[in-house]
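Across the two complexes that follow, chain A remains constant while its partner is chain B and subsequently chain C.
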Partner chain A sequence: MTSSAAETEALLDVRGLTVGFTDVDRSSVTLLRGVDLAVHRGEIVALVGESGCGKTLTTRAVLGLLPTPPLAVRGGEIHFEGIDLLAADGDAWQELRGRAMTLVPQHPLSSLNPVFTVGEQFFDLLSFQGQASLGPVGYWRPRLDRATRARHRAATIEALKSVSLPDPEGLIERYPAELSGGMCQRVLIAMALLSNPRLIIADEPGTALDVTIEAQINRLLLTKVREQGAAMLYITHDLGIARELSDRVFVMYAGSVVETGRTGDVFARPRHPYTRGLLDAVPRLSSAPIKGIRGVLPDPKTLGSGCAFRFRCDYAIAACAARTPPLSQLSGLHASACLRAEEITL
Partner chain B sequence: MTMRFVVRRFFELAVVLGGLAILIFVISRVLPGDPIRYALGPNASPQQIEQMRTEMGLDESLPVQFIRLVEGSIAGNFGRSTIPPFGSVGIDIATYLPASLELAFFAMILAIALGVPLGVTAALYRDRWPDQASRVLAFSGVAIPVFWLALMIQLVVAFRLGWLPALGRIGRNVAPPIDVTGFYLIDSLLAADIGLFFHCLTFLVLPALALAASPLAMIMRLVRASMLEEMGKDYVLTARANGMPRVLVVYKYMLRNAFSATLTIVGLLVGYFVGSAFIVETVFSWPGLGRYGVRALQFKDFNAIVAVTLVVGIAYAAANTVVTVLYGWLDPRLRLSERK
Partner chain C sequence: MTSIAPSAPLDDEPHSVAVGLGTRAWASLRNSPLTVIGFLVCLGLVVMAAFAPWIAPFPEDAGAVVKFHQRLQPPSAEHWFGTDLVGRDVLSRIVMGSRISLATAVAVIVAAALIGVPLGVIAAYRGGWTGASIMRINEVFLAIPSLVFVLVVTSLMRPSLPVTIFAIALAWWTWYARLAYGEVLSLKEEQFVDAARTSGASDLRIAFGEILPNLTSVLIVKTTLDLGYVILLGASLGFLGLGPQPPAPEWGTMVAEGREQLPDAWWLTTFPGLAVFAAVVGFNLFGDGLNDILGGRD
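Up next, the complex of A and B:
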């Protein structure tokens, strides 16, 4: 899907990632069906698709935070800066999470611990981020040291200022329940960016917020990511935001990537019927009724082999049910997993 | 702000205790059977009965009697026992209460100190062997009646194996430590007598274990359930994604959230401890309020029954007040909502 030169540079490289679980009736259910995804240094990549298509699951797998059991990685590879993440142990993960890659979560209001002040959560992060183990002595040492406390306080205020939060001194004493969703998200962004990570995974960071606040948060994220020279994997179901923010885009459907390319190319000339459908489903302020895609996401249990979109596709032919079409390169970075990508005009 | 929260809780406590005093007064006055006839026996003369009635203040009007009871309760004066050796009930309570409190506190600490980590471990290893083992332990703890468990522990550990003493609170020929708190463990430490401390500890372990078994099981299951619930929360994922150590996330971030439910149980357990203490103290000849209460009930010792009921009620209400205050400390949202 990308040129070999670009592949060697990839910061995050996910190939054929397959994740599933064993149901109570012992049948195997596959949720991610061979996801291919790459993020390069300093690049902003959008991952779009409907709810339930596996976007969030992909980010969990990349962060090594899949709930296993019940979920299990069944196949594929995830490499981050050349490290094989599927083989990484706890210590290696502690080195990576928070420091090299981090998460800006989907639900800001519930993503801060409700029972500790903002200051305390920053203190823990500043003191213990990346540590593999921690005992009572290690826990109390920074708390009892006046100099450490002062240093952490200053760093916290600095971090809160950097995300344009007013009155950072007052904020340190506040509990999350006293903050608005937008403020919580700013705090979470400040936490995520604390150690200048190379990859920021933003999982629908504005979905739970008002539209105006969402725009502010996205602008802030973009500015900070550019400022720090980090890369960002931005998960969203909102194509407008994906188009505005990203350099490249991956479109996911039912657990696999169906189309990818430069954002401009994909949006101007989609090469997969699903992408076309998504674009047509975007509401516009002025014009006539929205088209939408008929049907609903298929049940992963009854999907079988073949293109997952065939049940809802206007272009489906008999061959579509025969085998799962691979993501094949069309031109440059543009690739589509449609058998008929070359013959149909969308 | 926090102060106001605490003050309000203690005001509520005062109201509850007022209600409790009225309740106990009414019950003790409408209870069938004349305590004085019980005390003096069938051969008492009318003069003797009249004299004792005056002595106990039962000839006064009911409102006056009630005020007497409240006054006496505050001053710790509950009148005289109606059974030999006719001592002051207040002094009896002061003698026996610390022994019961020591036993209950130690059992409570045992239940929490073992129950919480076991519950956390069970949650972390859900459906694997540590979880299964803790489940068996928990069901046994809840299912086995406390009188049987107490007897079995005494029979096996004390009599058969002879590892620990079976009866009493301290050795027959050992002088108790100088009375400061009434808790032998604390007093012996205050007297810097480590030998005596361990001596008293050997007497305390078995009854405390019998008393702690069921609460331990309940706490364990509750902590497990609450921890499992916390595991799926967003803040856990975010903390982990930010690189917080797992130990910190589990034992600080999750446990603090999971502990609220457990705290409720701890408050309610005071009632359980009182009920079971009557049994456990009898089995182990523990010189506590439970054993005193059993004797008072057997011989219809009127003043002692009123006093024991009142003390138990106060302990129950006080424990739940402490729990409510601790709630506020555990969960700032409660304090915050109070402010509005």
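Up next, the complex of A and C:
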């Protein structure tokens, strides 16, 4: 592989990812219906969609942490730095998780182990970084070595400072229950950044926090990710945040990507009725009432072929039920999975 | 978005400042005199066992000593708890016997926890066939009443202190396996386990480095409560003649020996019995209080 190929190649390339499970009545249920997603080096990509559309499921699959069984990958490929993780021997993810790809979780308050101090959790992370598996010796040796302890302590203080946490020396001794949600999320961000990852997956990192803190956290995340030159896949249902943070956006609906493009393009000229609907559903400070999208997400069990959005779409025609429209390129990076993307004006 | 500087300092206050364990323990103790009593009884028992030869007025009476000139004396200033059939001081024997009871209890609990906890953790964490096999074996052990089980095991061997410990531990590990199993089953679904996995921790590390430390407080409470029960079971075995053999001053054995002299020489059975009672109640009250302090469930 030449260096130019490495540069143009996507960092994360998900193609046709299909995930489903077999229900108790032995019927097959498909939850992700061919997700196509790519994140390039140093790029910030937002994945948006309403609750239940498969955003989190997609990130679980990317991290290799789908609860299997019952869930199973039925098809598709997940390439990370050119390696097909699903086809690789053994657990290819074990080498990547926490090193090349890290996660900023959705629930900051419960994502830290309640019985360890912040310092101990960093210590653990620092001592197993770069090693796939460690036995009791690997667990205790760094703990008993004074030089290692001092080094890890300095690294921890440095990491805590870098996310603007006040009094890092004091914080090291504190338990997660003594921290606020915002502080926990900062600690978790510091942990996610610790290994200089190439890809940071942020799964609605601000949802559990109140709005002002959420804004701070997003700012911080953006600054740090840019600083480290990492790529970020930011999962959110908040279009405002997606617009603010991302270079490119993927809009998901009922287990597949329905529209993608540069964030500016997608928000200015949506080419899928669902994206239009999402944009209209954002509350504004004008007198105009908010337009919602009628109906609810379809049940994946009864969803046959055809466009999954046709039941809620004002532009649906008979052809929409005939086959599932593929994500087709409109111009540049902009692509839409709507049959009538070219003919309708949204 | 708001015009907050990229790395503005935090403005959300910690929503809950945890009170130090010491402060909480003190407040809890003040409100619960029973815990204090339990603690003092336990402390007394440990001190008694540790310094038995110095505390007992006649430490040599723990062994095969014969003092016929003072046999079966009722409690007096010289012999507070009276003397037994061969004239040994009952108080001295109880004090010396505390070593046997406490050592049995501690050895049994340590062995049971060392066997049971890892098995429970593995069963819950791995699940599937591994978990099912471990828990089914566990249930087979549980199905047999522990006294009957211990009786069978001890009667297969020559009764002695190590045999008693081995037999009780063999019956007792199941409770630790079940406790760990139940706790881990819920803990493994916690977000922090997920977070650990995303940060690259191996299964072994998650199970024993992340989840197991969360069991500390329940295990402390369980072991404290169990110390009392194991002392009781040990005494029962002694009473049935399957514990440490005479002249060892085992409390249950002493009760059995004194049984023949009832109702005249009541002190032979009453005082060792009270010692067992005090130990069981003490560990129970203390364990219960610990449960409150450590924020456990009822």
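In this section, the second predicted complex is superposed on the first by the 332 of 346 C-alpha atoms of A that agree within 3 Å, B and C clash if a C-alpha of one lies under 4 Å from a C-alpha of the other, contacts with A are read in each partner's own complex, and residues count from 1 in each chain.
By definition in this document, contacts are C-beta pairs under 8 Å (C-beta built on N, C-alpha and C of every residue); 3 or more make two chains touch, one makes a residue touch a chain.
Only a predicted model underlies this, so the values are computations on that prediction, with no experimental measurement involved.
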Superposed partners chain B and chain C on chain A - clash or fit:
clash
Output check: A:R99 vs chain B and chain C. Expected answer is one of first, second, both, neither. What do you get?
both
Broader residue contact with chain A after superposition on the shared chain, chain B or chain C
C
Please indicate which partner A:P325 is in contact with in the superposed arrangement: first for chain B, second for chain C, both, or neither.
neither
Which superposed partner A:G255 touches (first chain B, second chain C, both, neither):
neither
Quick check on the superposed pair: does A:G20 touch chain B, chain C, both, or neither? Answer first, second, both or neither.
neither
Thinking of the overlay built on chain A, is A:G54 touched by chain B (first), by chain C (second), by both, or by neither?
neither
Based on the superposed arrangement, let me know which partner A:G277 touches: chain B (first), chain C (second), both, or neither?
neither
Where does A:S111 make contact in the superposed view: on chain B (first), on chain C (second), on both, or on neither?
both
Regarding the shared-chain residue A:F128, is it in contact with chain B (first), chain C (second), both, or neither?
both
After superposing on chain A, which stretch of chain B overlaps chain C: 42-50, 96-104 or 186-194?
96-104
Under the contact definition given at the top, report the residues of chain A touching chain B in one complex and chain C in the other.
63, 65, 94, 96-99, 102-103, 105, 107, 110-116, 124-125, 128-129, 132-134, 139, 175, 177-178, 188, 191
Contact residues on chain A for chain C in the complex?
63, 65, 94, 96-99, 102-103, 105, 107, 110-116, 124-125, 128-129, 132-135, 139, 163-166, 175, 177-183, 186, 188, 191, 209-210, 212-213, 215-216, 218-220, 222-223, 240, 244
Touching chain B in the complex, chain A uses residues 60, 63, 65, 67, 90, 94, 96-99, 102-103, 105-107, 110-117, 124-125, 128-134, 139, 175, 177-178, 188, 191-192, 194-195, 201
Which residues, counting only chain B, touch chain A once they are in their complex?
232-235, 237-248, 252-253, 256-257, 330-333, 336
Please output the residues of chain C touching chain A within their complex, sorted ascending.
1-2, 4-18, 190-192, 194-202, 204-205, 209-210, 213-214, 216
